[in-house]
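Take a look at these structures.
In what follows, chain A forms one complex with chain B and a second complex with chain C.
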Partner chain A sequence: MGPKSNPMSLVKNQNFVLLLIFVALNVYFATTTQSYFQLGNYFNMLTQNAALLLTAAAATLLMKTGNFDLSTTANLAFSGVLYALLASWGLPLTLAAVITLCAGICFGAINGLLVTRYDISPFIATLGMMCIGGGAALLICGGQSVRTGLPDNFSSLMQTDIFGLPTPIVISFVGITVFWVAANYSLIGKYAMAIGSNKNAAALAGINVDRVVMGLFVLVAIMASLAGIMTASRIGSGDPRVAEFFFMDVIVAIMLGGTPLTGGRGTVIGTVIAAMIVIVIGNGLNMLGILVFWQTVIKGVILIMAVTINEKFTFSRLSEKMSAPGFSQ
Partner chain B sequence: MKKLLTTAVVAAGLTATAAMADDVLVLGKIPYTLEHSYHQSIVEMFADHADKYYGAKTIVVDGQANSDTTLSAVENLIAQGVDGIALHSPDIGMTAAAVAKAHAAGIPITTTLIYPETKNAPHIAPQEALSSHREGVVAAEKWIAANPDKPIEIAILDFGGFEQVVHLRTGPFVAGVKSIAPDAKVVAQQNGFGNTVKSMEIMLDILQANPGVNIIFGGNDDMALGALAAAEQLGRGKMDNGVPLTEIIAGVDGGENAMIKIFDPNSSFKLTQGQVRDNARAEVDTLVAMARGELAIDAWMEIPTLSQEIDYWNTTLAGAQRFLQENFKFEGNLAELLAN
Partner chain C sequence: MNGQDENIIEIRGIEKSFPGVKALKGVSFGVKRGTVHCIVGENGAGKSTFIKILTGAQPATRGEIKLGGKPFSPHHVSDAIHQGISCLYQELNIVDELTVEENISLGQEKHKFLFPQKADNLEKAGAILADFDSTVSLGDRVGSLSVAQKQIVEITRALVAECSVLVMDEPTAALSLGETTKIMQVIERLREAGMTIIFISHKLSEIFEIGDTVTVLRDGEMVGTQSLEGMSQPDLVRMMLGKVVAEEYIPSTGARDQAVLEARGVSTRKLKDVNFDLMKGEILGFYGLLGAGKTEVAEVLFGHEYRGEIKRDGRVLRFRTERDALRAGFALVPEERREEGIFGLLSVMRNIPLMNLKTVMRRGLVSGKAERDLADKYIDLLQIATSGRNHPVALLSGGNQQKVVIAKCLNRDADIILMDEPTRGVDIGAKQEIHNIIRDLANKGKSVIVFSSELQEITGLCDRMVLMYDGMVRETLRNGDELSTDYILEVVAGKEA
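Up next, the complex of A and B:
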């Protein structure tokens, strides 16, 4: 029996542990609530969180470089309002979406520029953009949601099916697959990992660190902007106050999925499973009638657990390496 | 209060889940946000009334003052197959989407305060505009009577651009003031975020920049209390046995914390309005009528409920005590609290 087929190695695999937790939660809620284990409910969960899954999958690549983006919430709100505004002015929805995505890219470009060119920490740079974007979202609509003059097909993106599957689920599935392939089978994934492990070594190895980081900030911004379009389409208006804690959900999913803030490791699959765990907990607790105050507490506990687990895994791997034959400092 | 509410909501949720298996009517209630005592009370009143008069169970899902979350709450209740949904939405556009989803599933839905533009579901409409106007009238009359030489300058704390807040609260209040003092001016209007601490910080800045402000309106009592705290920090916030000295503050909701200040003769917070019980009852009654087929689920109907205006000068302490008992399940004694 090789090491890969050893059951103990599976237990040490963080993604497998997350999958077990996910299954256990599903079994628990399926047995304690009557309406949980139904296809319609799973469609609900995935449709409601398609934007989160998509953005978190993309942001995993960024976080692997040791960077993160707090401005996704503002980008989402701004993009949703802009998309609705453009649609209300009579622009075709496709053109409105393209313009919105271009505007959304600005968030990533500015974030990337501040972090790479001016060496500002991603926390400060993206926090600043979060404030600017949030304010801009309110400014362009005067603080009121955009809902008049929208075309009849404004909500069709989020309310149609493709082969029997709700469109947002298909979009998120395609996006996740692309990011999974990018992370595992493309140079960008390897570069991201290398930059997060050791930025200087990556640069010395010939990787254009600034360009990769800039590109990933832009990628996350595009996904956040798309999330804004999807959200506006879902709720049937451009609301500047939506998804206030979107960035928090994204970061919780990524960290719980095994990507530390410092980067250097992590998987898209881990992020997706972790996001699904958070989603399932929210849905299940709602079905059990648990007050949202408790849900917030539970989310916080999950975040702390995620960090702790990450530290433990890092430590155990380090210990294994150090005890391996031939290890020398 | 929150502990009590937690227990009540959890219990309601669990019994509602169990009730799905039976033929018991199960209603979904989505409050605007459970962070405010007003919405906590309306949830309790709703569940009580549904249980007492119809033997119905209630599932509560918090809308968290967010369109996306509220729409998800509607979808989740639909997935649970409830017999009716009472929605207090934060946004007109989203309300239309929520109503359409509920109707597509054949589930009755009511709205309150924020109505859908589509106007295709019963809407429970607290008559806040009338009471907001009345608050403005009383505030202006009392200020002018005590300070005829000081022109009225108004400061407003709102929720930041919600047009129905303008329509129901801030707009009618200002109109009420101007009906008495046509030269009254709104010198500052800022988002107080519905929050006492934020409102205090913002009002400190407003009063610093506009020391002539003498009438303040908070879009809810939490904001009015924040404005009062700011005024007090600046040595203002005072009355002489009900005679305005520095300013008059008005709010909306009518909870216990506001009442204690309103009936303190030396505090400048003096007016509010609100109702909980009748709104909750109207929501339940309408949903049950639709679930029983007595009302069409897709017909627009405005069901008015009185939002009682309460102020220091025209409302008796006994009246305020009764209001709190009926709307907030208040078990204390307002007079005793004031004496302390």
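Up next, the complex of A and C:
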């Protein structure tokens, strides 16, 4: 019975607003810089950030349950170094990738186990794993990035094309589509939403809350691990210090995209558009010749703004509810 | 139909122990098929524990339940649902973000590779829903519905799951009058359709309106199961409260002729036109059953919003926050001691000055000596049994924790002290000591308001008592020899004064 055909509802639609911001940013950078508005630049942006888009889309499902993962950076670094290390030992790349993904799953399994079985808050559990994983990445390579002894085709994953599109873009596009379908049309998405919205009700309805949360932690870990493999092949080495702010970018994208830390709502599309906004700002500022350090500052500002706006949104909806019949006398 | 009189549920000797407490001490009764069976009891009677056992949320320690003649021991809520017992809990268990349809099928969806299939019972759900409330449709987002409508969605979900017994735990607690009527009608129709309903409510008028049979629990024990036909409300209250042993009442020594607080026409969502006076040096008691409005009066006096007028020494008060109330000379000993009263990890010494740190500040800093002196003073004054002033408050007994809370309020030097359930969870000796402390305060010219659900406490302690029923003040009595506990019971059970 909501105001479905109200023209105001389009403005209230967070994804639409995000899309407007995205378009506005593109217009701005296209007019102020010369090299921004070119197909090559867009391919470049997407290739560089395919790993981010993929992980953020998957992590949106996790955040919808009211959980989150800070250890994605560590997982990415660890997986990247391990993949390069295995490759340098002469293992076929496919086998190296499979072993790396299996190791990456451990991050999710441990996070999930700590959160579901031992009732540790996701903040502590994944912060702990962030330190452990980050340290492990440095340990297995002795603090030096793995760049010698790599096979010639080490970077081919990221440099080949499929139907004229760079492979990483195709991978992230397929991944995003899968997670979008999962979030909107499958039981996983529904259950994630139900758990974040009212965990008790979900459990009483017979949903195995622990299994869903556990599964989503593992899913995010697989994606972060894949992100590590993709990053290693993109830069052509296993660098334990690469993408320090990856977990931060993932969370900024999800929260700006309309999923609160407490879960219960949010969309994969929102996350993807928000991630694109962050990516475009980074790329555009580079083009404008603004110091890279500013990007970090700006990300922080965006995160705080996103949370503030989200809180306001939740609050206004809550007060709407309070004035609904049944709450008043 | 054969077996109209057959018991659908047979409960035999159910016991439930928690570490240190026995919540249920052998409950046995039968529930007849197609009736509304009410369960009543005051706080701590064991109602919620019993519901949890019946619906599979917790296992029983001992005893057995038979459902339709077969042994029934659910290990999980979904076990109970599959066997035909569904429950509407006090808090709504429904997901606001999903639609009505999605909520009805939540957790029970038919799916292919995790993609939900169109449910085959959709038509049935739609028909049931339309039957109860034609304004709700399956596609509505649940967040946009009213509380009563959400309950109807929950009931529909239970019916779609083909339950034969519906447990309703205080379904009307959050409802307005109009919505309550609506839910009562729904229950009526469910009974006509042959459904068995277990109905828990503290609103006795509802019990008499809708119920066929009532089981009364008190302190985890079953007092009795009776037909509600021919039973009167005071009879039921007497069963709920048990025998009241009058405690010796000693009047406060003060003159008690000067009003320090006057409340006129105080109303909130729950309270209706509450009037009372509080005299200097008096202990005023508020008594009523659960939900009569005692807590709300305490809240109003401590900063919650209200309509009407409250005067302190002739000046109109307007509190916006708890701080305002404190500044006006009020102090509250809250009902939930652990959550609102004590700072459990802090020591006795650190707890006592917290409502008035000025008393331990010397030249802008907290002085250890002042803290120690203050703690020693109150430990001595209130006879707080602690191994030392550095003992964490969480490790004290309930009675001594309460004394620490009272010490905190005394150190505030408030003139009006509100005490919500001052002796709940306190052993008998400490109870007497706390009563003596309260009496002492009044004799020293403080005014004390005691909110209690224990009649014995009210009649033994208070100089005057305000009897509440359904948000209204029914009568104000002066304590003395001619006081009749039977009469008080009748008033709080709803008899017109």
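Heads up, the rule we're going with is that the second predicted complex is superposed on the first by the 311 of 329 C-alpha atoms of A that agree within 3 Å, B and C clash if a C-alpha of one lies under 4 Å from a C-alpha of the other, contacts with A are read in each partner's own complex, and residues count from 1 in each chain.
The rule we apply is simple: a residue touches a chain if its C-beta (ideal position, glycine included) is under 8 Å from a C-beta of that chain, and two chains touch if they have at least 3 such contacts.
Note that the structure is predicted; figures quoted are calculated from it, not measured.
Contacts of A:188 after superposition on the shared chain: chain C is touched, whereas chain B is not.
Considering which of chain B and chain C touches more of chain A, the answer is B.
Once the two complexes are laid over each other on the shared chain, residue contacts for A:225 go to neither chain B nor chain C.
Looking at the shared chain after the overlay, A:116 reaches neither chain B nor chain C. By the touch criterion defined above, A:44 reaches chain B but does not reach chain C.
Once the two complexes are laid over each other on the shared chain, residue contacts for A:206 go to chain C alone; chain B is not touched.
Once chain A of one complex is fitted onto chain A of the other, the partner contacts of A:72 are absent, as it touches neither chain B nor chain C.
Listed in rising order, the residues of chain B touching chain A in the complex are 2, 5-6, 9-14, 16-17, 20-21, 34, 59-62, 64-68, 71-73, 75-76, 79-81, 90-94, 96-97, 117, 160-163, 191.
Interface of chain A with chain C (complex): residues 1-2, 182, 185-188, 190, 193-194, 197-198, 200-207, 264-265, 317, 321, 324-329.
The touching residues of chain A, counted against chain B in their complex, run 32-35, 38, 40-41, 44, 47-48, 138, 142-148, 155, 231, 234-239, 241-244, 283, 286-294.
Contact residues of chain C toward chain A in the complex are 77-78, 81, 89, 91-98, 102, 106-109, 111, 114-116, 135, 140-141, 143-149, 174-176, 179, 269.
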